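First the structure, in the form of structure tokens, and then the observations on it.
Order of writing sets the labels: A, B and C. Residues in every chain begin at 1.
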Amino acid sequence: MSDSGTSSVAAVEYAGSRQGRAGEPLVKVEDLRTWFPIRRGVFSQTVGHVKAVDGVSFTVQESKTLGLVGESGCGKTTVGRSILRLIPATSGKVHYRGDDLFAMPSGELRRMRRHMQIIFQDPVSSLNPRMTVGNIIGEPIVVHGIAKGKAKDELVASLLERVGLDPSYAVRYPHEFSGGQRQRIGIARALALSPDFIVCDEPVSALDVSIQSQILNLLDDLQKERKIAYLFIAHNLAVVEHCSDEVAVMYLGRIVEKATAEDLYANPKHPYTVSLLSAVPEPNPRPARKRIVLKGEVPSPSNPPTGCAFHPRCALTRLKAGVASAAETMEVRSGSECFRVLSKCVQEVPPLTEKAGAAGHVAACWVAK
Amino acid sequence: MSRGDGNSGFPVRPAVGYAPGGAMSDDLPLRRTYLQHVVHDTLVPVASRLGLAWVVCLAFFAVTAPFIANSHPILMQEAGRWSSPMLKSLEPADIVLPVAAIAAAVLLVRRKLSAGQGLGMVAWVSAVTYAATAWPSAPQYYATLRGARLELMSAWAAWTLLRFVGAMVVMMIVLLPIFVLPRRATMVAGACLAPLVVLTLVFPVRPPELVVYERYRQKEGSGQITFVLRAMVPYSANDRLRDQPELRLTPPRRGHPLGTEPNGADVLSRMIHASRIALSIGFIATGIAVVVGVIVGGLMGYFVGTVDLLGMRLIEIFQAIPRLVLLVAITASYGRSLYLMMAVIGMLSWTGDARFIRAEFLKLRKEDFVQAAVAAGLPLRSILFRHMLPNGIAPVLVSASFGVASAILLESTLSFLGLGLVDEPSWGQMLNQAREGSGFNWWIALFPGAAIFLTVFAYNLVGESLRDALDPKLLKRE
Amino acid sequence: MAQPLLEIRDLTVGFDTDRGWIVPVRNVSFCIYPGQTAALVGESGCGKSVTALSILRLIAEPPGRILSGQVLMEGRDLLALPETQMRSVRGKDIAMIFQEPMTSLNPVFTIGDQIMEAILLHQHVTAREARDIAERSLYDVGIADPGRRLNEYPHQMSGGMRQRVMIAMALSCKPKLLIADEPTTALDVTIQAQILELLRKLQRQANMAMLLITHDLGVVAENADVVGVMYASRIVEYATVEDLFDRPAHPYTEGLFRSVPKLGNLAERLATIPGTVPNPAHFPSGCKFHPRCHRMEGDAKCGQIEPSLREVAGSHWAACHHVPNHASSPETSPRLDHRREVVAMATEDLGADVLPSAKEYRP
């Protein structure tokens, strides 16, 4: 990278970023709910809601990575897009450096968008096939008034170089690149406005294994260089553990456990987290552990179970029901099975409470300690 | 277990060109934009090339009609004085079309501007030329205004207003591109146009109002004209051969290769002049339909909800109107006017395009790159026109090419029914005349009928080829 | 030594595109024995799916062509069979399940119709009996209330269910070999565990061989007996699963192991394989991996001569000019062991019997 390139990039970077007070979280999400109405009937009446995100709260610190992990249907992608107001949220607040994003008028929101960007999962559909790579990266730069003309071209070239692509590729079209290269272009586009916060929505899931490590290393380097905070959404637990400082596990629209990465993987408290960790296939032909295979399918978010959403599949509550008195248990049906679980798990939604172990390790479970 | 060997000896040609889905090939000689890709794929089948060739032929005839089929001689010496009656009889449209065609040809060859800029440049050149050539006919419009019954204001007030508005429009047209189009291209085009504009100021374009076509033949016969250089087809579209009444309604013969009509006009000449109507009806009507359809459909597709509901009702209303019946009714009430007909056809055909665009936009709203554009804080107009429209225009392009054919057929139908244009020649109208007289005039049915058939067929061929080229499987290759 | 159930010898498949010939599978050879699970591992574009499709001759003939090689099933060359006989092989002797359960089932027919179609085609039973067999096979794959499910349409079921239905369809005629082309890639990790568990159980019950095609090393480690690693149209390493993971001989395999993030292994940076997978239209000369190889040490031979698959240890083949003599140590880190302990303790806490137990089917 040439010197002039570095300095111009650096100059642009710090001109755009806003300085916040130390200790204050960069992004604070409070009780975010995103419900999608289900419409039926001739007049499209709302008969119910798909509760994709149902009360999610977390904070992201500057220059740190919060990993959001869960299976399909748990709402993690919706969380990412709701924070950026790409999907309208039903209720809740999102604060960026203290400013409530949901209460902003559209003009101010557009200007605010340069501080928060997003990297998408699918490298094929995330780039406009009819625009050159240079235009894809350069258009936001021009629109936000960061640079014009030749300065813009130089900035685009330096961004391409930074993500590991030849700057002469700026005149080519997305279809001429491989999946990994397209993802790099997506990263360059996200970096173009020098944001402080990037939502990484499954950035490596669609890539080949040998390319994944390249992209993960690139994201890591960029975080250290430019002090960017990431919300890293993924379903691959090993990748999330590698990339994140803090990890939150989601199930059916709610966060069921949150802890530092080390702590979560060493000391999982919530039964769902335990089964998730045990279900990950390990590249070891002689595993010494026992596999926990969850019964049943993930329930649909339009009709979630009452109380703790995990109770139909939870082995822990069944275990405890076996040793508890009859007054504290009740019978539930799941599919064609009938079994007894603790009544509390069926009737009340467990809040995120701190569990024994490292500080800040919270889990939403009535039973786990 | 058997082992694998090195090379199986199978000849593998290194593939040139675009690399499907894999790593970057740095030696790509055929790197194309999507538009070039589509154009190339559309023109690969022989059928669509033939279709396009026919359309180009038609366009050539349309542009050069007054120069190749005209009763006015190109050059004439009468009593020692040289004159060019053909040039004197040119109308504004006769000058604008060749200038625009030359500009388009130059841009196609030079390829310095993008497609949109090229279109804008051609439009600007046409507008300037039209302004330069049409200003002398302004008094005619005043006379028309005087003749018309105006309830809102006096003819003089309307005339002043029209002049003022006209001047404003001309200024905008002339000066606007300086800010929009590339400066250098505009200056070059302006420099080329300047002599033409000066010429039209010195020799204003004033086609004679009353034309007596036979006087050239009579004067030549009587020896008054010493030298004459005629056009290839020495008959105008409206030359009724009043000095040669025996040549009316004759089958093809020497001097009239395609025969003559009952009123005496030469069939070949009329067919050449009618190609203008054929092409312009198709393009202008479809152009109106596409523009209106894209705007309505785009708004519906992007702002779903109430806008979508109302828009669908609007589409349904317009779809319920029968085209032919409405055209007949309008022709009966407001007289026969080419522009009116084009506008009506256009305003009745936009619904299909609106539906296509709405469907495409509904799909595109959810695409990641549109969300990325929103996340980058891009303004709405950029999202709609730069990100969504180029990706969703494909079905509209296909529908447009079929729509042009359909507009031509509609106009021919009207003319055949006797409700179309009277003064200007049109193929449908000629078909109508095939029934006149005692028998069936086969040459008046065959040649214009063949022309309609070939034109519609050509558009359909190109349209089908375009549809195959725009097939979503093409996107999978990318 | 038992006879191999399926033997592929020197298979080469090419595609005639308008940009020239592309050969995604070149000189591929391996064997599968009855009851064994063989895995083909590789990334996208390496040719593993095309290999699987060629076994059943599902490659579309005009652009594709099997250029050379034999596929011997119990001695019979499947590539030389006429189409009518091939149809009796497909579904009956060899069955296949695909990656996308969403699109592999016909959306306009019920599940019952689709399973019964396969049964009626290959077995001489009445429709009533076929329905019973279908119901039984749905029960065997762990779908509750199978009688009701037979009347449902694919869109009414979740991804995991659909994959189970696909497995039921594939196994309804008790094939000898099941080809599973990325069967769990599109599924969540907990459903993936269920499906793989199911496949293992069914395989044990019927002594069925399986050819598992995947890019997930974890899935390979837990399910396969023998592994073939494919890179750029060729098999570059072939070994038992323990040998492969303990002592990877080919630099590509080595690089893959090191670049995959593993649970419990908190490295600061992941090791990477530089460069990208080569384009099938533009394969490098010599060894196809040499532009990305860290073992080359400037040896020009790697760029000129393509290494052939040779035995580097007992039952362990690799295609490389520079195979190391010493073994690379297996991946154990203290954190990994600790994690295993934790999960083991947690599962003990939850009770021993959390695996689904097989119940007797009572109609």
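As a working rule, a residue touches a chain if its C-beta (ideal position, glycine included) is under 8 Å from a C-beta of that chain, and two chains touch if they have at least 3 such contacts.
Just so it is clear, the model here is predicted, and its values are computed rather than measured.
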Exercise. Which chain maximises the distance between its CA centroid and that of chain B?
Worked result: C
Exercise. Taking each chain's centre as the average of its Cα atoms, which chain lies closest to the overall Cα centroid?
Worked result: A
Problem set entry | Distance from chain C to chain A - Cα centre to Cα centre, in angstrom | 30
Problem set entry | Euclidean distance of C-alpha centroids - chain A vs chain B, Å | 53
Exercise. Using CA atom averages as chain centres, what separation in Å is found between chain B and chain C?
Worked result: 58
Seminar exercise, completed: Among all residues of chain B, those touching at least two other chains are 18-19, 21-24
Exercise. What are the residue numbers in chain A that touch two or more other chains?
Worked result: 178, 181
Problem set entry | Two or more partner chains touched - positions in chain C | 276-277
For this session: Mind listing the chain A positions that touch chain C in their complex?
Result: 71-72, 178-181, 208-214, 216-217, 220, 235-239, 241-242, 261-262, 265-268, 271, 274-295, 297-298, 315-316, 319, 335-337
Problem set entry | Residue ranges of chain C in contact with chain A within the complex | 43-44, 144-145, 158-161, 188-194, 196-197, 215-222, 241-242, 244-245, 255-257, 259-264, 266-267, 269-274, 276-277, 330-331, 335, 338-340, 342-344, 346-347, 349-351, 354-356
Exercise. What does chain A use to touch chain B in their complex?
Worked result: 81, 84, 86, 109-114, 116-118, 120-122, 125-131, 139-140, 143-144, 169, 172-178, 181, 186, 189, 192-193
Exercise. Mind pulling up the chain B residues that touch chain A in the complex?
Worked result: 18-19, 21-24, 28, 31, 33-34, 367-369, 371-379, 382, 386-387, 390-391, 475, 478
